[in-house]
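Shared between the two complexes below is chain A, which pairs with chain B and chain C, respectively.
And then the complex of A and B:
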């Protein structure tokens, strides 16, 4: 029975493992190595000790980018989860009651299908579409909808609004996914729990905060992690939508874009790797924090 | 009922008491409809606008109302987008890359996951955690080294390079998901096959794979969508002079957008966008249920 077990195991593991070691693990290890060099992206390099990290510490653009990442990391998941929960609740228990069971509102299936669709579109394509929706002259959708007497809004070309516009696009794309996710979670909450609470005179709002939300806690946790990942990676949106490479005046600068710009536009691949190393530790911190914050006692 | 007036709102909004009259409208319902309808509008609006604008001349786009119907329907913008803006080429590139890389991801991912889930051997846990740890870190973190590795292998600007990188970066999630899935499958059938003298290979392809069909389908859809939508990796791997003939769709569209911006000439871009959205709508219309299941699979389990 044990005949040929090890050859089989090795045969099945060697190719996937080799690919993974070369392109993923290898890349992460090299990132640490390169962060101590002055590699331009081409040719040879010298070791420069902690120079890249010292430079990073004094680089105002790095701090701006980090701050923007933190803003979006906090705001985007909260807004997305709040809106998605609201819609999911409306879809599932917002309808009228019939024959003793609560049903979703009329047309809830159609809504679910429509809401989910943007999730299927590439973020890059969504970015191109919204680059035009937020167009800063009359050819933009929103400026076209505004009355002729208004002077066009600048949106992405306006320092104050550019980052918010980008966050809105991400929220627009993500909400449908979480509506479906939360709907599935709410669907699995037993009808009898709602019935019992309703007999005790609980209102819809009470039902939501006292029953739905606690029972969805696990799903919310997952959603938070997923949204955190999405909020970190704003590369496609910033590369395509921002005016003047993360502008105007660095208003949309984020870490993923800083890594890209330094590696491929400024020929500072060593420096880009140092940003990657910082990000490595930030990601670990985020993961650890998430585990801490979202872990609730099972009995609570 | 009259002396229960103060209780009325609560009663009206009860979701489920069996004694309720059927079909009584509750106040939340109207609000719910308005809110849901507005969001549906916000979701579909930009897409409808893109479709309408794709038939319009540049002058119409600038001077007309955004949701006005085009003055006349012409497919000129579409033929321009397909040939001059090379949307056709990008589309075919995307299909080639994603078809091969998803197939490769599924084959290699399920092989690794199967062995890790069903065989005991020294180093099993270590290899599993090595794969899964990749989930924690964003791809863009190590952009410069990825570029360096692909370059040193002589695979820059090649489909092979892009496909290998796609597979490598898809393995973490695929192995994570499928290992969990293979563990849940019953051992009895597997053991029966073993007694019947089926070898390791045969048990994998003829016993386990068919049993794991639902999980495999979910994760295949997840990988197709993820790889089709990838933008960062192609931008890094397909760059430099002459790379544009190998660009994938996302990269191509982004470039058409930049070109359109230089000349403030938008109609071709809208046609290109429509061409890239419509296949997604068709696929979504057919496989809506499977797609929702596939994409949410990672979050649920």
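And then the complex of A and C:
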């Protein structure tokens, strides 16, 4: 059988590898190439060296967008993970123990399914729905629930709150997946450990911090990286929900949307590629840093 | 835009596949970087020029057309233009397709050198036409405009059009686009509501604000526009007022990115007047609304005046109740010293149709355009879409709808004082974006006219200094 092994393996790998090379690696290489050109998106182009990056440095909107991505990068994973952990804990360990085994709160089987619902909706649909939830006049769902004497809240049309509204939607949509992910992680923690701790008189809080959290560290690490990458995206939500193209007054501007606007609307594909290059390195740095930093923590 | 709307799950999958790297959007972008200059023009279909065939098309060569499937529908192409074309050229097969995603479907074909022959560039997924011209992808239409009209004897195509129609599609002296529909801009209101309350149409700013006060007292929001996605309607209102104060030269300076164009006194006065309207008469929640929502509120008589173009009536046809009759008035004079009269009106050709330079049969594409510009096709277009065309007088004497009649009346009242408006919004998308934001700030956030002028002046000069943006000029 030995002589047949390599053709067999290669046979499996060649198609995905070719797809990967053409549609991922190839596209990235071309992006790097284009970032050094003045390509408009149509026809031919000239090489302009680092001009696009110099322009980027002086572009105030780029910095606003970057700042927003960083805000989301800091806040969104923390909030999402915290809530998802809490829910997952309740679903798996939060209930009364029965016959010595810990279990979820009453009805946890139903919740487990319900939490996953947002995950089943396409992000575009979620964005449209929440656009109506946050409607800035009385026809908006939240404003409709407020008493008539209140003047309508502007939500997405309010510079101070617009980005927070979008972050809330993102968190709402993400949580389900991480509840499932953490539930799976918790399921693999041995019942005997919980039992032993419970026999020693550990409370639910102690159980969570001393047992669940440390044993779930690997899963958390993965979640953190995934969420961080999602924080660099945000395109669909901003494109559909934001007032006046990442407004009002650039209050919801993010890098991915800047790429879109420059490439497809402003006909500055070269410049958009430069933003793409920056985003590429930001994401890479973030992922590497996260894995490194959290690994050290795990050892300590 | 579905390709770009990366869902979180595909993102995760991709992130895992790429080894935890994701730069959304960009990979789609590079995917369309094609070889340039690949269109081989030597294989293009041609025929012998003659009086009957002024563009020299090959009578047997097929013509591929792409129509934007939007507010105007596609019936005018399938039921009017194509049969008309085939009546003259029975052997030329028309290959027709319609799309709502013009850039998504057409841009890759342009870059690959296999473009359709005639393209309707429109909609929210519109291609930057200035960039198309610069890349040599649009055919020069000089011969089309010089050719005799299909059914107006003794005139060239250019001579049958309204003033400014050719100019609007002209880039650096050469025409590249037919802007087919003719749009009249003004303030739209419900004539029946106004008659019922005996509100009369104002011509001076004092009368205008007095009327707005009256409307407000009646419990109706006097003025509105949608800040979320249609603030450019308001930009047009403001700049129309500015042009009335200081003539169209004000707008030409803006288009030519002339230093000081936006800090011009006329713009300042117009911004001040409109900022005041924003402070007093607009509903602040409109900043978060889309055009459909505000237009619906107008149909429900919750909003009195709405600045818009003459497509409004047709767009709202499905939601206009029986007690509603669209009518349009010219924007009132801002000062007594306005250089243009109160009746002056902004009317512009719009809706780009062009022949691709690197297609199989560009002359056939042009012949299709010549068919569209015939009087017969134009009248049918107006009947089907309730939108006027650039073919002068094609719809005169035909009653189509109250709103369109009202716009046509305003047009004839304006006489010679019809001006084309501005082009910076299609030439310089960045400046267009800046104007949308600045006008929202002006109308919803305190009416600071000086801030509006200064912001726009800075944005305009930034575009002027940016060497990567292709510049255009007009006179």
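Simple rule for what comes next: the second predicted complex is superposed on the first by the 275 of 300 C-alpha atoms of A that agree within 3 Å, B and C clash if a C-alpha of one lies under 4 Å from a C-alpha of the other, contacts with A are read in each partner's own complex, and residues count from 1 in each chain.
By our rule, a contact is a pair of C-beta atoms (placed from the backbone, for glycine too) under 8 Å apart; a residue touches a chain by one contact, two chains touch by 3 or more.
What you see is a predicted model, and the numbers here were worked out from it, not measured in a lab.
Visitor: Looking at A:136 after the superposition, I want to know if it touches chain B, chain C, both of them or none. Which is it: first, second, both, neither?
Guide: Second partner only.
Visitor: According to the stated criteria, A:266 is in contact with first (chain B), second (chain C), both, or neither; which is it?
Guide: second
Visitor: Identify the partner contact of A:44: answer first if only chain B is touched, second if only chain C is, both if each is, neither if none is.
Guide: Only chain C; A:44 stays clear of chain B.
Visitor: Is A:90 touching anything from chain B or chain C once the two structures are fitted on A? First, second, both or neither.
Guide: The first partner, chain B, only.
Visitor: When the two structures are overlaid on chain A, which partner does A:160 contact: first (chain B), second (chain C), both, or neither?
Guide: A:160 sits against neither chain B nor chain C.
Visitor: Figure out whether A:152 sits in contact with chain B (first) or chain C (second), or with both, or with neither.
Guide: In the superposition, A:152 contacts chain C only.
Visitor: Looking at the overlay, does A:204 come into contact with chain B only (first), chain C only (second), both, or neither?
Guide: Only chain B is touched by A:204; chain C is not.
Visitor: Who does A:248 touch here: chain B (first), chain C (second), both, or neither?
Guide: Only chain C; A:248 stays clear of chain B.
Visitor: Based on the A-chain superposition described above, do chain B and chain C contact any of the same residues on chain A, and if so which?
Guide: In chain A, residues 20, 23-24, 26-28, 30-31, 34, 39, 41, 119, 122-124, 137-139, 177, 226, 229, 232-233, 235-236, 239-240, 256, 259-260, 263-264, 269-270, 272-273, 276, 279-280, 283-284, 287 are touched by chain B and also by chain C.
Visitor: Residues of chain A touching chain B in their complex?
Guide: Per the stated touch rule, the residues are 1, 4-6, 8-9, 12-13, 15-17, 19-20, 22-28, 30-31, 34, 39, 41, 86-87, 90-91, 93-102, 105-107, 110-125, 127-133, 137-139, 141, 144-145, 172, 175-177, 180-181, 184, 191, 194-195, 198-199, 201-204, 207, 219, 222-223, 226, 229, 232-233, 235-236, 239-240, 256, 259-260, 263-264, 269-270, 272-273, 276, 279-280, 283-284, 287.
Visitor: Would you tell me which residues of chain B are touching chain A in their complex?
Guide: 7, 9-10, 13-18, 20, 22-26, 28-29, 32-33, 35-36, 39-40, 42-47, 49-50, 53, 61-67, 108-109, 111-112, 114-116, 119, 121, 127, 130-131, 134, 136-150, 164-165, 167-169, 171-172, 175, 194, 199-201, 204, 225, 228-232, 235-236, 239, 249-251, 253-254, 257, 264, 266, 269-270, 273, 276-277, 280-281, 283-284, 288, 291-292, 295-296, 299-300
Visitor: Given the complex with chain C, which residues does chain A contribute to the contact?
Guide: 20, 23-24, 26-28, 30-31, 34, 38-45, 48, 51, 55, 119, 122-124, 134-140, 143, 152, 154-157, 173-174, 177, 225-226, 229-230, 232-233, 235-236, 239-240, 243-245, 247-250, 256, 259-261, 263-273, 276, 279-280, 283-284, 287
Visitor: Please output the residues of chain C touching chain A within their complex, sorted ascending.
Guide: Residues 1-2, 4-9, 11-12, 14-15, 17-18, 20-33, 36-37, 103, 107, 110-111, 127-128, 130-132, 134-137, 227-229, 231, 283-289, 293, 429-430, 433, 436-437, 440-441, 444, 466, 468-470.
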